[in-house]
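What follows is a pair of complexes built around subunit A, which joins subunit B in one and subunit C in the other.
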Partner chain A sequence: MSALILTSVLGVVLLYLGLSGNKSILAPTAIVGLVAAGVMSWTGWNPGLMEFPTMLKFDQMSTLFNCAMIAVTVLLFLFGIDYYRRMEENVAEHYALMVFSLTGALILTSYTNLLMLFLGIEILSIPLYILAGGKKRSYRSSEASFKYFLLGSFATAFFLMGIALIYGVTASFDLAVIGQKVQAAPNNVLFLLGAFFVSIALSFKVGAVPFHFWSPDVYEGAPTLVTAFMATVVKTAAFAGFYRFLQMTAMPPALSDTLLVITILTLFLGNVVAMRQSQFKRLMAYSSIAHTGFLLMAVLANSAMSWSTLFYYTFTYALATVGLFIVLTLAKRAANGNEAIVIFRGLFRANPWLALVTMLLLLSLAGIPLTAGFVAKYQVFMLAIGAGFIKTAVFAVFMALVGIYYYVLVIREAFTPAEETPVLVVSPINWLVVSACGVAVVAFALWPVLVG
Partner chain B sequence: MVLLALLLIPFLTALALMLARPTNTARHIALGSTIASLGLVALIWWSYVPGQTWVPVKFDWAPTLGLTFSLGYDGVSLLMLLLTALVFPFIIAAGYRQNLQHPSMVNALLLFTQSFLFGVFTAQNAFLFYIFYELSLVPVFFLLLYWGGERRRAITVRFFIYTLLGGLMLLFGLAYCVTQTAPISADFAVLHALRIPADTQVWLFWALFLAFAIKLPIFPFHSWQPDTYTMAPLQGTMVLGGVMLKMGLYGVLKFVFPIVPFGVEHWRDTVIWLSIIGALYAGIIAFRQQDLKRLVAYSSLSHVGLLCAGLFAWNVYGTGGALYQSFAHAVLVVSMLYIVGALKERTGTSELGAMGGLKGKAPRLAALFFLVMINAVALPLTQSFVGEWLMFNGLWQVDGWMAFAAVATIILGAVYMLYAYQRAMLGPDRWKMEMPDAGRNDHLYLVPLIAITLVLGLYPAPILDLVNGPVQQMLSTLTALN
Partner chain C sequence: MEPVVTAIRQVPLEHYVALSFILFSIGLTGALFRRNTIIILMCLELMFNSVNLLLTAFSAHHSDPGGQVFVFFTMLVAAAEVTVGLAILVMMKRNVDSVDINQLNRLKG
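Our next item is the complex of A and B:
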């Protein structure tokens, strides 16, 4: 709870610090604040305790998710020191907005009331609409912002409609109360419709097919740091929220079937379209959709193990993604702003260690053993098989193979000598963050017990 | 601890090579490391008590996933360890004549592969096996990508994807089996005790077998193999053909036979016929090859088809023979490829059409080639003869026609090998220039390999004794099931 308050205050503090005109104190302040929030969140672990009478619950799941999201944001801010130094005049807003968005994310993992879910989603999203347009003079960035805003509002409308229907049936916003009422009458059509609408809105947030159309354009147009934030923290929070919601509905067959179709479509489209991408950010956007597919499988299995798998998967996916986006930024600078996959060519010659870490991160996303991505995928398969989704699991196996293909293409570029070896300037902090991501991805695979 | 040392010696040497990057001494260091491993394996062999499964290393790794880090061995593992340890010094030594760029990296990658292969052959936990199995692919990927021949970029990715397709299906099958256990465990001992319903086994068979069918490879999953073998650097081909494909055989014994016996019974004839068709088909194509290295690739494909058929004969003769032959095949592939390298070094080509009449120029090399070749065509008194005869017997017990077709592949093998020898070595001399005959190094390399072939051809008992116990035990539990 105190973590939540701290992050809200931190955002305001950052905004005021921006007025002082001293850019160099922003990131350190934000990082110190977030670390404090992380510690508070960890020590505030109190299973079963309800806050705001029955609005929020900080149990094991939300504590772990919160700490992970805060940790990832800290990594992003560390990267931001270098990233924003080169970018614009006014960066205080960027930090503040990201912290606000994180606040929304924290609510999203711990809500026990549909109103809080709504608040969480909106606090999460509204800063993002602005952040996506962070490059003010870039046409594509503005397009991304506008597109995200329009479609996001659309999703919100669906969401509110859904809550209204659920309220109409159960006369409550409280998850526990709704859960009881639903168990008494499981196949109420209006309730199903409501749950269906809410699921659509959440599918939009996690980028599931067919509600994914915004993500490639927004990922490509938004500033890289924001893209990384969206791919990691936002997705993690949205999945935590999704999982809590579906737990409450007890997954009636109609909803489960719909989600199954969404899962299969997401797996297929994300992976197959990613194969044909030549721009790295678009590739990451489709790969993010593909990973959404795998995560949806875990959600779909809806067992007691699901949340720990979700946590492990999203956290390790976030680590790999953050590292890769940093490497992209570095390579992009060496290639004069080009974002194609070919800019990775010659990376091994230019900086062997960075190339090695890039390989590890990509292998983790691909799910090759001794990286965390593998353990995550394996857990998802176990969950899906355990829940009886055998054919879906086989299909997911084939899609994972397609995934390996496009990640390996990037690895191949990194290890192919270029005609002209690019000159990469790596600041110590960036080096540290990327290395930390690479080491973490292996360490979490070697000791899966560390997380969860 | 011996097993842990076995994994760590090549791994740490490889790491050291990668970090220190010595150019001149890299090969010596790598050779020293592989010889040390060979010594260790010999020690293990010497202290081995037949019929035992020995699990000296075991600790929990990730209990929620069923993963334990347990290493051990039985007779079959020991055979595989033996062939890996035996063949690797020769693979490293072949590098002395190749002069590839960055020798420290090449040798480091080779040693990583060896370490992971030892891991595969000693893992007593299915999940651990899988981890090593996939890891062994990574160094090979870079070996092919950096030091391969023409079109290496495309072929390497195809090879990688093909193999991983199998790997992921295996992972799926494994996940399925593990979810059936309670409490969750992926130890082979637990998985082998599983009783999966017969109709589930029918489809689960392919989930488990596909990885190994691709790794071996058998028809129709072989299309990655000829290109990859031809394009790979010589040492890479030796690793792929000599050792890595044996992971396929080993995997079948560890995963497929004990876990899905009904599935095997259901698909056995199909697999045997596919294997034999593949063996015949590869033999016919090998006959038409102009490139010696490609011919070796197809001949390996043909031999492996027969191996797989023998394995699935599912009796002491067939399965034991296949295991015995896998040892012979490893020695054969390495020596055959060394000859290819030696010829290429002298003539600058591996095109058979361009060679011819080399016997006059290099009589000793021709003699060595001949001695290697008689093993390839499975002449009596050679190791291959023992293996192929056993497999032939095993297949005969299953079905006469299968045995007949198997014999046909052996005849085909003799035809294309002799024809290749004739085109390369005999006939009018086409070479105006002088060329060196086989020197001291070539003899040092090939004579031990040929000696192994002949000695084990005359006295196969040491290897057969290793294999017989585990195979008989496995077969008796299977017959008890049916």
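Our next item is the complex of A and C:
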């Protein structure tokens, strides 16, 4: 709870610091504040502590998710020191909006009331609409922002309709009460329709097929740091929210079947379309859709232990993604703003260590053994098989094999010698963050016990 | 005033639900098929407000104030969302000098 208050106050403080015109104090303040919020979140852990009297619940799941999301945001802000150095105006607003968005994410992991779910999603999304348009004079950035806004509001409308229908059937917004009332009458059509609408809206937020079409465009158009934030923190929070929503009651078969179809479509389309991409950010967007498919399998299994798998998967995925987006930004600068995969060519000769870490991160996303991505995928498959989704699990293994292809394509570029190899300028902090991500994906694979 | 209130109370719940669904569908259709972004924003507002009507009707039906409180939050959030949306729209207008949604086609792949 104190972490939630601290992050919302921190955002306001950052906005006021922006008035001073001194850019260099923003990132350190934000990072110190977030580390304090992380420590508060960690020490404030108390199984079943309810707040507002019963609208938020800070249990083991929300504590771990919150700490992970705060840690990823700190990594992004460390990268931000270098990233925002070239930007002249509105730097404070960027930091503040990301902190506000993080506040929404913290609510999403711990809600027990549909009102809090709604507020959490909106606090998470509204700053993102602005952030996606962060480069005001770039056409692509404003198009991404507008698309994201329109489709996001559209999803919100469905989401509200779903909540209203659920409320109409159960006369309550509290998940526990709803769960009890639905147990008594599991096949109420209005309730099913409501749960279906809410699931559609949440599928929009996590980027599941057929509600994914915004994500490649928005990922490509938004500033790289914001893209990294969307691919990591936002996705983690949306999945935590999705999981909590579906946990409220035993999933009705109609809903479970719909989600199964969405999962299979997501796995197929994400992996297959990613093979045809030549722009790195679009590749990462489709790869993120593919990972959504694997994560949906864990949500679908809907057991009490799904959350630890979700946590491990999203955290290791986020670490790898943050590292890769930093490498992309560095390579992009050397290539004059080009974002194609070919800009990685010759990376090994120019910066051997950076190329090796990039390889590790990509292998982790692909799910090769000895990286955290493998352990995460393995856990998801075991969970799905345990819940009886054997055919889906086999299909997902096959899709994971397809996925290796496009990650290896990028690795091949990095290790192909180029005619001229521009040496990338890597600031010490960026080097440290990328290396930390690389070391972490191996460390988490060797000691899964470390993260739960 | 009293006869009006009693008359309103006699409207069955189904009528409110039907009206909400009709308004929601009109908003949905408009948001999907209109090309002018300002009209699309209005259609989104219509969808939000149809939900508000539904929530209020259910709230009165269940004699539970929760639904009406929720409506206040919905209105607040919708206002914040539209504020951001209009700002983004102005930014778009400055960049392409048009509010036609067909202009949004340069990001492709």
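What we mean here is this: the second predicted complex is superposed on the first by the 450 of 452 C-alpha atoms of A that agree within 3 Å, B and C clash if a C-alpha of one lies under 4 Å from a C-alpha of the other, contacts with A are read in each partner's own complex, and residues count from 1 in each chain.
The rule is simple: contacts are C-beta pairs under 8 Å (C-beta built on N, C-alpha and C of every residue); 3 or more make two chains touch, one makes a residue touch a chain.
Everything numeric in this text was worked out from a predicted model, so none of it was measured.
Chemist: Once both complexes are superposed via subunit A, do subunit B and subunit C end up clashing or fitting?
Modeler: Aligned through their shared chain, the two binders fit side by side on subunit A.
Chemist: Does the superposition put A:Y378 against subunit B (first), subunit C (second), both, or neither?
Modeler: A:Y378: touches subunit B, not subunit C.
Chemist: Once both structures sit on chain A, report the angle subunit B, subunit A, subunit C from C-alpha centres, rounded to the nearest 10 degrees.
Modeler: So the C-alpha centres give an angle of 140 degrees.
Chemist: With both structures superposed, pick whichever of subunit B and subunit C touches the larger number of subunit A residues.
Modeler: Partner with more touched residues of subunit A: C.
Chemist: Looking at the overlay, does A:P252 come into contact with subunit B only (first), subunit C only (second), both, or neither?
Modeler: neither
Chemist: Just checking: does A:G179 make contact with subunit B only, subunit C only, both, or neither of them? Give me first, second, both or neither.
Modeler: A:G179: touches no partner chain.
Chemist: For A:L409, using the defined touch cut-off, is the partner it touches subunit B, subunit C, both, or neither? Pick first, second, both or neither.
Modeler: A:L409: touches subunit B, not subunit C.
Chemist: Tell me the contact category for A:G44 with respect to subunit B and subunit C: first, second, both or neither.
Modeler: neither
Chemist: Touch check for A:I390: first (subunit B), second (subunit C), both, or neither?
Modeler: Only subunit B is touched by A:I390; subunit C is not.
Chemist: Go through the superposed model and pick first if A:E143 touches only subunit B, second if only subunit C, both, or neither.
Modeler: second
Chemist: Report, in whole Å, the shortest distance between any C-alpha atom of subunit B and any C-alpha atom of subunit C after the two complexes are superposed.
Modeler: It is 24 Å, taken between the nearest C-alpha atoms.
Chemist: Can you list the residues of subunit A that meet both subunit B and subunit C?
Modeler: Shared contact residues on subunit A (touching subunit B in one complex, subunit C in the other): none at all.
Chemist: Which residues of subunit C touch subunit A in the complex?
Modeler: My answer: residues 17, 20, 24, 27-28, 31, 37, 40, 44, 47-48, 50-51, 54-55, 58-59, 61-62, 64, 66-67, 69-70, 73-74, 77, 80-81, 84-85, 87-89, 91-92, 95-96, 104, 106-107, 109.
Chemist: Quick one: in the complex, what on subunit B touches subunit A?
Modeler: Touching subunit A: residues 62, 64-65, 130-131, 134-135, 138, 142, 145-146, 153, 156-157, 160-161, 164-165, 168-169, 171-172, 175-176, 178-179, 207 of subunit B.
Chemist: Which bits of subunit A are touching subunit B when the two form their complex?
Modeler: Those in contact with subunit B are residues 363, 368-370, 374-375, 377-379, 381-382, 385-386, 390, 393-394, 397-398, 400-401, 404-405, 408-409, 412, 415-416, 447-449, 452.
Chemist: Give every residue of subunit A touching subunit C within the complex, in rising order.
Modeler: Listed in rising order, the residues of subunit A that touch subunit C are 115, 118-119, 122, 126, 129-130, 133, 136-137, 139-140, 142-147, 149-150, 153-154, 156-157, 160-161, 163-165, 167-168, 171-173, 216-217, 220-221, 277, 279, 282.
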